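Reviewing the structure listed below.
Order of writing sets the chain letters: A, B, C and D. Residues in each chain are counted from 1.
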């Protein structure tokens, strides 16, 4: 039963990739894309209900493992992937209309989009640390193609940096995985089971600490590159700024989460084996550094997508910090923040995408008066910005409140850093977005009507999470938090 | 029955004092002017001159600028009313006046402020250069003088643990005689405030209409006839009120309780004596001192303010 | 519990919901703006009235609490309506009643779409403030607090086409957010026990903090709420934001929102923290005095009428802070009767300020509509064009100048009484401080009168300085009603202090466990301590003044024929006088600028004597901006440029980062 | 006891692997760089084969074959054709001059040996001490990546880095599960193709493969 559901979840995007590889240049490719994404989302919902009701599951002789934690990410990923596909339909049409994209490029885009979803879902659901690596690499490869979609010098450069840096990072992660295996096979013996997280989790007490320390360092540096932790973050702003906006949305909304998920998995093993807070402390350190550096970097940005990329780094740092702290409340908060950040940030990127299309540049100095030319986009951007800045009553504030208050209790020394960074980030982003939203402009309306349902759907969800959290969701998150300890 | 009788008596006294002050005030002004005339060895116009002036003014027809608003016309009555009231609640002959229950020293300062604000507003109403100039200067002088006066009163009320003038006078006059060093400072400050608030030299000169120097006169340039009369009367009431505050605070001896018929004549005689002395003193001071430049005035009043605060501090220091 | 079983809290909840409905309705009625004007805003005013009534009702009722199924999973929204909240609900309701009525007329000319949004934001603003008063846990408080800030930000930037207004909005929200962070920190310090449930106010009340941490909490709260209230040195946003906002909004911000900050300070200091320290009081006192004098000083030199009012708000906040400081000092030294006196004065003054400041701000709105001019240098003589507005404004001006028998005087009187009764404190330094403080208060009050004479005189009196003013129109009917209510409130609060103080006793009972009471025992005489010490009866006072005035005028009419001849004013022999030769706002402020020269950063360019078209320009800036804010800005930019160096564009460098990070971790772990 | 020949042989291969890594670090000509890469692949395949033989695990035979196919034949061939088409022969000046690089390399080797020492204590059987060498290879290739200017040589370095990983995977730990190996191989293949595509795109946009042209994107 679970096998079927999982199979559905994984095969639909794969199939979609295949179909779009064939029909990608047809008129209805966009609709097909959205349709497949919707099916994926539906499958994820089914799976979620199953898991939340009847606990963790393994499938395909333990090669896959779904518990409340990763099924939460699965659901989130599928949902955002779906809304993003909705958004990318008109967006890409307009891009084509502006002559930025050829049909061939769109062809590539749609097929890669599905494959990318597939890779992420595999990385999330697999039980095998090796397969995690493989899937992450695959996700990287697909997104590299997506980032370089425009074939402009800038996009090529961005893609190249992304490719090289993440390639190296991933390679290091592989070394970490090997070390993990090296430590595991001496407990679990040769063969397949030695990389299965579930087994590792059972025997984590017996694993060799020194090896696991090394392994975790490699895993953290490796996957951390993908999360975008400072100082491994250098690829992230370029890739976000130069790729097509839907890709930026899924990159910062989803891929970063997936990488973080891998790190959290290994953290559970390592701290379990060491019995210390070694991995947690490392994560907290990187998290704080990322928050601090990112928030100060925000000030100097001129390119709007680049700026929000930095804000993604900041929030990822915050989440990493939360997971690093551990404990039920912090983990809960971390997951909540993952959710709201993905929703809000992708919503912001949607709005930004349309705004940029209106004026034809990403330079913030030349984007003005959105409220005047198209109020909906303007309000979307304004509200999204306030949400991401942690303004109540939006959900981002809820999770930040939880994180900060927990930090006050557990690690008081960390709170000033966090709060200063949040204040600086507020000043920077707010100061740059305000003139964009307000004031006069001379921009023209768009050829196709912008897709605003995704934007406001996301913002509405975020608002709801800030004011009211359904008990079902709350229990689900609690269980997940309990799993991670 | 008995307390009703007392209350009746008190109200009687209150009304008597109301009448007394309003009739006596111009006389005091006249007396001061007369003293000055003597000191400048002029023969002078006689102490009754103010009454004649008032009578003349009341008989004239009022001339009002075209654009004068209702504010301009009601102001004289308000000012007159306030000053009359202020003069009426200061115990000069007998202590517990029923009305002084309703307004203590802070309220007294409030009354002065009320009158001042209205006359300044009225001065700005016509929109001549002089009116607003006078108003500005008046407010400038007062924003330093008012707190100084308040501090002076506070010193006294700290001593007597009350802000009710009657109880202050009661403490100072009827308990055993004590020397209060803090009151010395207060008295000095009070004199300065008195000069400033009543538009006397060195801050202002009631006798001049020289544009660059006048303050009070500049404000009332547009008034004539009965309005002017009321304002003049009000200013002599104000002078009277200030002097009687001084008397009440610093030489309260001889002020009696209500119903003490035996002491009444003496009290009245004493009061007249004090008033004459104060008026003469004022005249002498004005003669011997010169008018300040308008921007020296704040410094002058600043000293008053500091002196008053110093007095208060000394009260805390020495507990006296 | 009363018979019906309905508690004030329930009613407040319903009213809030109704407000939400009204706001949304406004959003949907964009097509029909006249409906918004003539129905939504009046209904909202009615709601305010009911809210005020609820607050009054709640004063005497036992505390009501409620837990909503909203909020965080482990920290649902807690609501609580006690005397303190009740009092501030009254304040909110009474002020917003007038403002909403005024708004019904004020926004007539606004375009439908803008009006709809504005209506929504306006009501969100009201709701935010109400919930701040009702919140009983940190999360809900923060949510309400920031909702209030956000809504008011959008209201301030209604005319966002103007760059200065955007700048003002930015400054406002930024400082508000920094303040909010500080408040959050102070809650974090006060949290009781661990776990997220420790963030209910009850847990905080129960928490036992040692002096160090409670001081930290107090300082953070003072900073955070001070930033919202405009306490020195976090005041810079206030004179920018108030002029930028539409006048009814400025009225609400200055009249009510600043008071929510005062509420916060009171709540934290006297309710959530269980112990207080004497130096908190001294700190608050000193800060308050500085703020008061600073505010009034700058108000005196302003040329823009709304900026002037904004600075005067700063002054009044300073007075309130002084009151709080005095309360703290008395409370710490166990003189709770006196503490009650000081607290009563504080609360009373905040109520008064809410009334007259709202009145004055909406008044400026009426002027703005009539003339389209905010610069006092271009106004004048409006008393003849706008009899209603000028008459009602006069009440506000007299009230804020602290003149008897209006309300401003009563609270000043109470505050000064508190000072006069202060001697006998164990700490001699504080004893020394008290008279000086009293003197400063008196000075500030006198200066306030100066400022207000300038305000009223320059705007309403004299001759019109521009020809456009010749056809300025008076306020409309809704505006008159709104201003009328506020003016009436000023008069009533001035005439019935005994009743008000009686109601305030509930609050001081709750916070200090002591009441002020009224020694005189009757409703005419207000005598805080005993009749021998001090008593004041505004009613008699007013009757006496009026009586004397009537008597005089009757006598004058009787005895002398009162013919009046109109003619030109005396031009002292210079017939070519024009309206421009009147004293300007700058001119009126000039003596103050001269006296307090060192406090201002003055730029003046004076024309040379031979200049054929002489133009004088003078500007007095706030030194603090240059001393405090710009350095912070520069520091941030420095750091950010350092952070920017990381992103160098060279892939080798990036690989080196990875490499070095790896090596470092391998070496040090 | 006397060490089995297989182990001696593997250790020898490991030493050679390290040697080749150094050689690549020092190599300027791209063609010979690729040849060296091919040799490295060959050694890798050989060692994998021996490990498979000595521990007779069958899936290791597969991975040995895979390595041979992929890293000795396919990739070098592709790279040869690439640089022939793009005619980039030389990667003349490195960013840091060669001797310094070598010194740093030696330091890295020492470092990684020390780092691996405690681990190799645990390793029983034939794998003693190989982790250290594998780590050294990885770090050396990383070093090489950040000293090279040309895109091609950077990619070669990247691939040799993966060789190091493979060596660790097969020799140090008796081979990863097959599915993982397959996945890794697939990724490497795809990656190489994508690299190839990139080379052409890069050259036609920047008409050079010198990646110092690609430093436009930065915070300014």
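Operating definition for what follows: a contact is a pair of C-beta atoms (placed from the backbone, for glycine too) under 8 Å apart; a residue touches a chain by one contact, two chains touch by 3 or more.
Predicted, not measured: the structure shown is a model, and the values here were computed from it.
A.B. asks: Where the centre of all protein Cα atoms falls, which chain's Cα centre is nearest to that point?
C.D. replies: Answer for the innermost chain: C.
A.B. asks: Where the CA atoms of chain A average out and where those of chain D average out, how many Å apart are those spots?
C.D. replies: About 31 Å, centre to centre.
A.B. asks: What is the distance, in whole Å, between the centres of chain A and chain C, each centre taken as the mean of its C-alpha atoms?
C.D. replies: 44
A.B. asks: Taking each chain's centre as its mean C-alpha position, how far apart are chain A and chain B in Å?
C.D. replies: Taking the average C-alpha coordinate of chain A and of chain B, the gap between them is 79 Å.
A.B. asks: What whole-number Å value describes the gap between the mean CA coordinates of chain B and chain D?
C.D. replies: Roughly 103 Å separates the two chain centres.
A.B. asks: Could you list the positions in chain D whose residues touch two or more of the other chains?
C.D. replies: Residues 115, 142, 145, 211, 214-217, 219-220 of chain D touch two or more partner chains.
A.B. asks: Can you list the residues of chain B that touch 2 or more other chains?
C.D. replies: none
A.B. asks: Touching two or more other chains, which residues of chain A qualify?
C.D. replies: Chain A, residues with two or more chain partners: 160-161, 164, 168, 172, 214, 237, 297, 300.
A.B. asks: Taking all chains into account, which pairs touch?
C.D. replies: The complete list of chain pairs in contact reads A-C, A-D, B-C, C-D.
A.B. asks: Using the touch definition from the top, list the residues of chain C that touch chain D in their complex.
C.D. replies: 644, 646-652, 655-656, 658-659, 662-663, 666-667
A.B. asks: Considering the complex alone, what residue numbers of chain B touch chain C?
C.D. replies: Result: residues 58-59, 61-69, 71, 77-78, 80-82, 84-85, 99, 101-104, 106-107, 110-111, 113-114, 116-117, 120-121, 124-133, 135-137, 139-140, 142-144, 146-147, 150-151, 154, 157-158, 161-164, 167, 211, 221-222, 226, 230, 295, 298, 305, 308-309, 312-313, 315-316 of chain B touch chain C.
A.B. asks: Mind listing the chain C positions that touch chain B in their complex?
C.D. replies: Those residues of chain C that touch chain B are 380-381, 383-384, 394, 398, 401-404, 409, 412-413, 416-417, 420, 423, 431-432, 434-436, 438-439, 442-443, 445-447, 449-450, 452-454, 456-458, 461-463, 525, 531-537, 540-541, 544-546, 548-549, 552-553, 556, 559-560, 562-572, 577, 579, 581-583, 587-588, 591-592, 594-595.
A.B. asks: Can you check the complex and tell me which residues of chain D touch chain C?
C.D. replies: 95, 111, 115, 142-143, 145-147, 211-212, 214-220
A.B. asks: Provide the residue numbers of chain C that touch chain A in the complex, in ascending order.
C.D. replies: Contact set of chain C toward chain A: 69-74, 113, 138-139, 142-147, 150, 157, 160-161, 163, 166, 169-170, 173-174, 177-178, 181, 184-185, 187-189, 191, 194-196, 199, 636-637, 639-644, 646-647, 651, 653-655, 657-658, 661-662, 665-666, 669.
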